[in-house]
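Presented below is the structure to which this report refers.
Just so it is clear, A, B, C, D, E, F and G label the chains in written order, and each chain counts residues from 1 on its own.
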Amino acid sequence: MNIKPLADRVLVKPAAAEEKTVSGIIIPDTAKEKPLKGEVVAVGKGTKDEEMVVKEGDKVLYGKYAGTEIEIDGVQHLIMRQSDILGIIG
Amino acid sequence: MNIKPLADRVLVKPAAAEEKTVSGIIIPDTAKEKPLKGEVVAVGKGTKDEEMVVKEGDKVLYGKYAGTEIEIDGVQHLIMRQSDILGIIG
Amino acid sequence: MNIKPLADRVLVKPAAAEEKTVSGIIIPDTAKEKPLKGEVVAVGKGTKDEEMVVKEGDKVLYGKYAGTEIEIDGVQHLIMRQSDILGIIG
Amino acid sequence: MNIKPLADRVLVKPAAAEEKTVSGIIIPDTAKEKPLKGEVVAVGKGTKDEEMVVKEGDKVLYGKYAGTEIEIDGVQHLIMRQSDILGIIG
Amino acid sequence: MNIKPLADRVLVKPAAAEEKTVSGIIIPDTAKEKPLKGEVVAVGKGTKDEEMVVKEGDKVLYGKYAGTEIEIDGVQHLIMRQSDILGIIG
Amino acid sequence: MNIKPLADRVLVKPAAAEEKTVSGIIIPDTAKEKPLKGEVVAVGKGTKDEEMVVKEGDKVLYGKYAGTEIEIDGVQHLIMRQSDILGIIG
Amino acid sequence: MNIKPLADRVLVKPAAAEEKTVSGIIIPDTAKEKPLKGEVVAVGKGTKDEEMVVKEGDKVLYGKYAGTEIEIDGVQHLIMRQSDILGIIG
C-alpha cells in the first residue's frame, strides 16, 4: 500500500528510539527540543514556494513535534512538511 | 444534487470510521492528531496560489479537524481546503 | 434600492432556515461549524488578489459566522467576502 | 476647512442614527455587528495595494467600529480605511 | 540640531493640546481613539513599500498612541511612521 | 577585534546615558517608550527587502528595547536591525 | 559522520562557555538576551528568500535560544536558521 504525500509533505518512517545510535548521534537529555531520526519513504511534488530537496531513502533529523502519525501496514509513520526537517544525515 | 467547491476547496465523502481498514492503514490511538480517510467527490478550480492536484475519486488522508460538515442527500460530507489534505492513498 | 458590495464582497440573501431543504441538503446538528445556504444578490468587482467567480443568482453555502447583517427593504441580507463562500449549489 | 485623508483612507460624514432610513435600510437589532451609513466627504490617493473606488458623495455602509472620530466645524466625522467600507448604496 | 527620520518615518511637532483649535477642529471627548494634530518637521526617504507623501510643513492628524517621543532643543517631538498619519489638514 | 553584523543588522556603540546631551536632545521622563542615542560602528550588507542606509560613524536614535547586548574589548555594544533605528542625528 | 543542514539552516559547534574569551568578547551578565559564540560546521543550500552568507569555519554570534541541540560523535552542536546568527567575528 502506498501514500503519496501532498504538496511539500514528506512521509517518514521514524528510527527506533535509542539512546545512542550506530552512527554516533546521541540525543542529549536536556530541556531543549531534541531532533529525532527517520528515513524518508515518500516525497510530495513540492509547491511554488518549496522545492523538494529530500528524496526517498534519505536519513533525516526532525523536531519532536513534527508531523502527523499514521500507521501503514502495521508500522507507524509520520507525514510532515519538508520545512520540519532539520537536516540530512549522510 | 451537486456542490461545486469554491477556490481551493474540495468536497470529501469520509470513509466509515473503522479501527483497521481493508488497505491496512490503522489509525493509532495516541495523543497526536490522527488523519482520517475519505474520497474526493468534487474539486474547486484552485487559486493563483494553490493549483489543484487532487481529483475526483482520489482516496485522501486529512486531519481530524479539517473542513466543514454538510449533508448531501442524507450522507455527511466535508468541504475542506486542499491544504488540509495530507496525502493521497494509492 | 441597491447595494453595490465593495472589493471582494458579496451580498447574499439567506435561505429560510429549514431542517431539510427541497434540494436535499440537511444541515446536520453536530458540534462542528455548519454551512448555511443563500442566494447571491450582488457581487463586488473583486481585487487584485481575489477574482470574483460567484455571480448574481448563484445558490451558495457559507459558514455560520460569515458576513455582516443588513436589512434591505425589510428583508435581512448578509454582506460577506467571497472567501467566506464554501461552494456553489447547482 | 479641509482634511485630505492619507493613503487608502476615506473621510466619512455619518448619517444621523435612525431606526428606519428613507431608502428603506433598517439596521436590525441583533447580536451581530451591524453596518452604519454615511456619506464620503474626501478620499485619499490610494496605495500600491489599494486603488480607491469610492468617491466623494458616495453613500456607504461601514462596520460599527470602523475609523477614528474627528469633529470638523462642529460636525462629527470618521476617517477610515477604504477596506472598512462594506458597500455603496445607490 | 537636526534629526533625519529613517525609512518611512516622520518627525512631527505636536500642536499644543486645545479643546477647540483655530481651524475649527474640535477633539471630541468620547471613548473612541481621538486623533491629534501636529506639524511635520522632517520626513524620511520612504521605503520600497511606502512612498512619502507628507512633506515638511504639513499639518497632520495622527492617532493618540502614534510614535515615540523625543525632545529636541527643549521641545517635545514625535517620530512616527507615515502610516500612523491619518490625514493632512489644509 | 571585529564584528561583521549579518544581513540588515547594525552594530551600535551606545552613548553614555545622560539627562541632557551636548547636542540638546533631552530624553524626557514619561511613560512612552523613549529613544536612546548611539554611534554606528559596523553595518551588515542588507537584504533583498532592506537596503542599508545608515553607515559607520552615524549618530542614531533607537528604541529602548532594541537589539542584543555584546561587550567588545570591554565596551558594551548593541547589535540591532536597521529597522530598529528611528533616525539619524546630524 | 556528517549532517547536511536543510534549506537556510546552519550547523554550529558552540564555543566552550567562558566569562572572557581570547578574542576579548565578554558576555555581560545582564537581563537582556546575550549572544553566544560558535563555529559554523556545515551550511544548507539556502532558499529563494535567504541566500547563505556564512560559510564553514566562520566564528559566529547567535542568540541564547537559537537552534535545536544535537550531539554528533559525542560533541553537542546546534542546528539553527541563518537568520538566528547575529554577526560574524573576524
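Keep this in mind: contacts are C-beta pairs under 8 Å (C-beta built on N, C-alpha and C of every residue); 3 or more make two chains touch, one makes a residue touch a chain.
These numbers come from a predicted model, not from an experiment.
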item: Required steps from subunit B to subunit F (each step between touching chains, minimum); value: 3
item: Averaged-CA centre spacing for the pair subunit D and subunit A, given as whole angstrom; value: 52
item: Distance from the mean Cα position of subunit C to that of subunit A, given in whole angstrom; value: 42
item: Junction residues of subunit B, two or more chains touched; value: none
item: Graph class of chain-chain contacts, one of line, ring, star, complete, other; value: ring
item: Sequence of chains encountered when the ring is traversed from subunit D in the direction of subunit E; value: D, E, F, G, A, B, C
item: Touch list for subunit D against partner subunit C, complex; value: 23-28, 30, 32-35, 49, 53-54, 61, 63, 82-83, 85-90
item: Residues of subunit E touching subunit F in the complex; value: 1-7, 9, 11, 42, 44-45, 48, 68-74, 76, 79
